[in-house]
């Protein structure tokens, strides 16, 4: 019974953020995660690694042990451990500690610790940023609603860049090292059409430069397309701007009425009777 | 008669995707096309060509023979072979095999095999992705509806980049190899105004850099224009977001009904009585 | 009298495009202008100039003489020559021939002949592309309607890039040749914030790269602003998408009512009485 | 009493722009500020500094003394000097003169004089560009209204670039100097995803180039998101296009009136009775 209530209390601290202890726990966790990511990033830099290498090594292991204990506690306090272990956060939590142990066997695998960054997504729950979540949700819905259009768009762009790349390979291939193969030319086409423009591969011949200019203007025009898609969906999913209300007709149970509608547009029943 | 029914069956397998055999045929075809494109792309890379050159050669010819047989079959099973041969897919299908035969006469012409990628557009029909087609159609209509505005825009941009390029040629031409001629300077202007920015040609003089900065800010402002055009058209052609329907209620003469409305949303009168 | 009617006929040929002769004249003119621009562009390229230099020289003078005759004719047939000479096209027409004569005195001034490209704007009138003009007009109105917002935006961006440039000069100035003065650093800031990204000047220090990354993300966010402005105006000036009808209240003569309004929103008078 | 009225008059000249003297004062101030910024910018350029160094030094001190006198005057004429000193303009005004005095102790600190540029924001008040201010205000409100969505978006982008950077570090780190540490790789990811594309760090391996291409297309797609957010908010905050007002008609309880409506557009009832 005492054990049961201990489990309950630990559960409250770890999984909830309502009590002061829970809040302290969650914020400490966030700080540790940020600190841990910083260490992994700095460790990858040779300059810092030479000086602080040993310190990084110990910090990493201390953090890994803390996160391991936290993971075990989470498993212990959950009534159905498997459902937690297989949930999104459960998988992220185990992936956030595995690379450290893996690095004992496979060198350099500690860089996968960067996956810990996904744990930061808890920040929304901890600070009760429900509003932000709903904003994110709205963004997500707009993107999901436009996924078909974006898929068609990406399919068309893929075909386009392969054709453009091949043509440029035929034009520039012989004289320009940058266009030494079709895959490289396709890479160039993507760099150009997305307006990234590294400049590591550039056309040298006059006809190649002319074609590139055409491709750029094309890219200029079609960059408008995904913007148009997302903006359109965003206007349609925006609650403030929705031209479609949440009203349900009490006669035919159809939805999708304009916010200023008085009668159901499907069956003619009056909508707003109170 | 038996021949006739054989033609029918082959037609069903090749042109339809309703029967299991038809589905298997179509999917195999897609896989072979993808494989064929991959081979052409890898063949262009010297590294791979040195090692697998002979293999690529044989694979290409085997695929070409398969596609040739398929093309002949398509001609045979179609009742009006010419109407197929002159249709969009018919032309793509013949273009997809011709380069192989051409490469016997003209070296390197096998790279035109990349045109096979257009055959992938069959993917929509095969997987009954009608919904995607309608999305693409909507995209297409938005782009077609805005073609006049885009034409005016491109005409204005063309005049602009030629003028900017000429001015930069006068400023930088003498001292900067990158601006050695007006066409090159126009190429630079396009690279800059589309925000691609390769950096293969950059202004060196102070006045040149000042002018470039102006051009960039101009490009920054006018990139908004095609986006605005397409977004606007997309909002107007979007069935969900269509604000304008030409329906007028015959009872209260009110307009502005959604395109799927059956009853007037102001007075409840039936809209579509014929 | 005969002279008078000759003037009339020449006027019709030169200024109108209704008669077959007028059409032929106008199209020949467009072709000559395009040809002339091509010659100026190619002349600037040393490769071509070496081989065809003399030919270019003669072609240029022949075209200049033709355009001069045309200009004199236009002056002659116009009833008020000054009003033509001072009109937009009149000024463009004289600017299109002056550089040739100027090049006798000032070398290289023939490159100003590129101004001839503005004469191409006649294309709209010649082919009666009135529809395109109205599209361009609508574009223009959207841009004019948003000029205040764009002015505020550009003012804010200017202040921003000067501050960012100065900070980067302080950070990178000592060690990085690219940031050798504040004006250069401001040039870099503009190249970065507009996402052009030549790469001719790049941050080298860690803190400089961190700051650049912030600037890029900022630029990423604020590129949305002009797009939003123009899209918004375009939706508002688009006749199809206007949420504001052309109704004028017969009681208070105010405009700007929503298309679904029944009563004047200013004085309460009924709007749609017929 | 005479002193009092002198303070009043000086107050009117310095703080107001209604009298001719006030206008002359304000315009002179703007000119001096612009001149001062130009001097700071040119001073940073070694070429100019060598020739005009001494002149710049004296100009700077003369301007600083003028601005100091102006600041003291502003403090003197204000009834509550502290409230001015702690206001936005008050802080900018003191920051605009401090660096000069600081440069006596700390070399190079005169470059902070660039902060004087913020004083230019007075331009709106001076020229009574109230309309522009309201445009800026509208822009500001659109940006503020979308700050939550933009925060979520930037949070997601941050996580994304850290993950992409780490993966690229693992792929390219060994062979490519540009990806020598995770922070550098993250810098590359930001340069790429924002489509800036300096080209100072570029992928060299085939798998790295493939991944970069994916990142670019991703960036291409998600650049649409902030644009969509801001456009959406701008449409909603635009007075001309505003679809939403919180007014409810007290007669027919209908909502959705334009923000400048005085009468209900459905029943003609007065909206704003107090």
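For clarity, chains are labelled A, B, C and D in written order, and residue numbers in each chain start from 1.
The definition used in the following text is that a contact is a pair of C-beta atoms (placed from the backbone, for glycine too) under 8 Å apart; a residue touches a chain by one contact, two chains touch by 3 or more.
A quick map from chain label to UniProt name: A, B, C, D = Ion transport domain-containing protein.
Because the structure is predicted, anything quoted here is derived from the model rather than measured.
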item	value
Selected pair, out of A-C, B-D or C-D, that shares over half of its residue contact pairs with A-D	C-D
Selected pair, greater C-beta contact count between B-D and B-C	B-C
Chain whose Cα centroid lies at the greatest distance from that of chain C	A
Chain B-chain C separation of Cα centroids, rounded to whole Å	29
Centre-to-centre distance between chain D and chain B (centres being mean Cα positions), rounded to whole Å	40
Residues within chain B bordering two or more other chains	183-184, 186, 195-199, 223, 227, 229, 231, 235, 243
Residue numbers on chain C that touch chain D, as the complex places them	148-149, 151-153, 156, 159, 162-163, 166, 169-170, 173, 180-184, 186, 192, 195-199, 202, 206, 209-210, 212-213, 216-217, 219-221, 223-225, 227-229, 231-232, 235-236, 243-244, 256-258, 260-270
Chain B-touching residues of chain C, taken from the complex the two chains share	37, 40-42, 44-47, 108, 111, 114-115, 117-118, 120-121, 131-132, 135-136, 138-139, 142-143, 150, 154, 157, 183-184, 186-187, 190-191, 194-200, 223, 226-227, 229-231, 233-235, 238, 240-241, 243, 259-260, 272
Chain C-touching residues of chain A, taken from the complex the two chains share	195-199, 227, 231, 260
